[in-house]
Amino acid sequence: MTLPVLKQIIEAALIAAGDPLTLERLLTLFTEDERPERADLLAAISELETDYQTRGIELVEVAGGFRVQVRTSVAPWVARLWDERAPRYSRALLETLSLIAYRQPITRGEIEEIRGVAVSTSIIKTLTEREWVRVVGHRDVPGRPALYATTRTFLDYFGLRSLNDLPPLAAIRDPNHVLEESLVRQTASAMMTNQENNDEPRIKHH
Amino acid sequence: MTLPVLKQIIEAALIAAGDPLTLERLLTLFTEDERPERADLLAAISELETDYQTRGIELVEVAGGFRVQVRTSVAPWVARLWDERAPRYSRALLETLSLIAYRQPITRGEIEEIRGVAVSTSIIKTLTEREWVRVVGHRDVPGRPALYATTRTFLDYFGLRSLNDLPPLAAIRDPNHVLEESLVRQTASAMMTNQENNDEPRIKHH
Amino acid sequence: MPGQTTMLEHAETSAGAMLLDATLTGVLPQEPLAMVQGEPLLKLPLDLYIPPDALEVFLDAFEGPLDLLLYLIRRQNLDILDISIAEITTQYMDYVDLMTELRLELAAEYLLMAAMLAEIKSRMLLPRSHETGEDEEGDLRAELIRRLQDYERFRQAAQDLDDLPRLERDVFTVHAAIPPGHSQRIPPDVDLRELLLALQGVLARADLFTHHRVERESLSLRERMSQVMAQLQGGGFLGFTDLFLLEEGRSGAVVTFLALLELIKSSILELVQTEPFAPIHVRLRESPQASDDLARAETDH
């Protein structure tokens, strides 16, 4: 068997897989003596990305690797192929998911404290079943409540490469700055950005 | 929404569908006022066929219509993606399948109501792709949700002559009931009566 | 904050929020309620009876007391930092009282918030002789504001997350097949026992909620329902009697008949008879458009 053009193999693999493929996974398609350099692989991927600019598909990078997907501009037509509508998620579920995404690792109790209402078991169950969220440990307090974090599947589903790609959280304004506005406008804004940075998700995904 | 280039829509639909699509099916992706002429559709398909000559995929016409598939020359490499055995099905998928078997015809919403959790599109897709489940109609309520039922393939896979060979719900529901026993009995009786299944309803499947 | 307008819109468009305006003030914003003898009806009669289930819809429109408070604040175009606790407390209590009056069960969270608001308000009314008391009042207010702000940013984050393009809804993956003759993906094996255990599990859970009880029905009936629907897939009519097969005997006919009744009851099938004693036809129920065609076809007949 003569080795076909590298780009053709990579393209076919990405289009057949559906799910994202990492560079490592792509390398396993070749026997040792056929195996390309990572640089060549990356070059082929980048060429494909350019090739697709006029096509109905696009190549994107998400947390789980590289993925070929239907170009967003034609997606509404392609969606008509399928009968079912995409599931809609309640505000309660999305708020819970956001809290887990931005504040992970977080317990159910902590989510309830911020939302001011109980989090239903079925929400946690849906999030876990979809593999968007999983238990990463337990907080060492009485009851040892489970700590939840988001998964790579979550990032892939929402087309994100990492938690850093999440839309930024709105800044918290210091309530005192209304009273002492003239005094501390400068410092207050400095504090705000500071606080914002602290809220950034801090878990690294591989 | 402005209509993207026809070729892009057709390409994306063929690549996303996986299964062959007929010209008629492709035409259903367009609303009446957007709908292209059959000649334009065929021209777009033929252009794609030419475009693909240097690519890792190819466009072929099979009995069921047009299909984009991995180019034969690169297939040996791409096939290595599935060298490892597929992971087991999730509990969510098995629960969904069992509810479709016992409560057919049933909508996705009804499954969700019983399970108390959202059912993901990918579960329905996996079950449909495996041809264990199919849409047999739509409930005449707002949104016209699809009604799912099990197939002949499902019965064959599980070695059932008909759904009647499944243990009755009452038996499954009873926590004291030993599942093993009833299963052995059911399968044994199914095998015995297999030859003289005269009283079995014989409505044809399509 | 960029999100404020959208959140306001969100609250305004929800049925519950509109209803709140109506119940608290008796007036609905701009949109006429209805046209009565050519005149737009803008005011709701104050003594209008509000069905309790409408208020339940209203309750459902909010994700808890913080969400409701944010709505009340935004409705007055106030900044969270500028809110008057007295004002907000009064409005919140109006709402809670209304629910209590209608004997609707209010979630504990709503009552807890009511108690907290009342606490802040009462401290404000006390003579501020002690400096400590003043601080406590300030602390409670600051704490409430902090919670409102914190909740608001995650409410916004949830909406931003929902706006991201996501799989199944906006983004679709691709699945080119492998040409025949090459090893294919091997789907996992499933044992019938696994399937039944899964069902046992889901039934045990469903039985916790009595209204989700799965009724017992014979499986041959379910199977026949699917078969009948498969026969009607083309969208055309089938003769009622054609669905019965002689060789199935009496028991087969009974199953088919029950299946037809069940399908008609569930709005899946319809029976059509153009005139008395004419043959009955069966078909899948279609969209209203198709029913119109049918009606036309019948009159033509």
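Every chain is named by a letter (A, B and C) in the order it is written, and numbering of its residues begins at 1.
Keep this in mind: contacts are C-beta pairs under 8 Å (C-beta built on N, C-alpha and C of every residue); 3 or more make two chains touch, one makes a residue touch a chain.
In this text, all values refer to a predicted model and were calculated from it rather than measured experimentally.
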| item | value |
| --- | --- |
| Set of chains whose contacts include both chain C and chain B | A |
| Centre-most chain, if every chain is reduced to its averaged C-alpha atoms | C |
| Gap in Å, rounded to a whole number, between the CA centres of chain C and chain A | 27 |
| In chain C, residues with contacts to at least two other chains | 168, 172-178 |
| Residues of chain B whose C-beta touches two or more other chains | 12, 15-17, 57, 68, 70-71, 75-76, 78, 81, 116, 120-121 |
| Residues of chain B touching chain C in the complex | 12, 15-19, 57, 60, 67-72, 75-76, 78-79, 81-83, 85-89, 91, 94-95, 97-99, 101-105, 113-116, 120-122, 130, 136-141, 144, 147, 149-150, 157-159, 162-164, 166-170, 172-173, 175, 179-180, 183, 187, 199, 201-206 |
| Chain B - residues contacting chain A, complex | 1, 4, 7-13, 15-17, 21, 25, 28-30, 54-57, 68, 70-71, 73-78, 80-81, 90, 92, 108, 116-121, 124, 135, 143, 145-146 |
| Residue ranges of chain C touching chain A (in the complex, touch as defined) | 1-3, 63-67, 81-82, 107, 109, 113, 142, 145-147, 149-162, 164-178 |
| Chain B-facing residues of chain C, complex | 168, 172-179, 181-188, 190, 192-207, 209, 212, 214, 216-220, 222-233, 245, 247-249, 251-252, 255-256, 266-268, 284-287 |
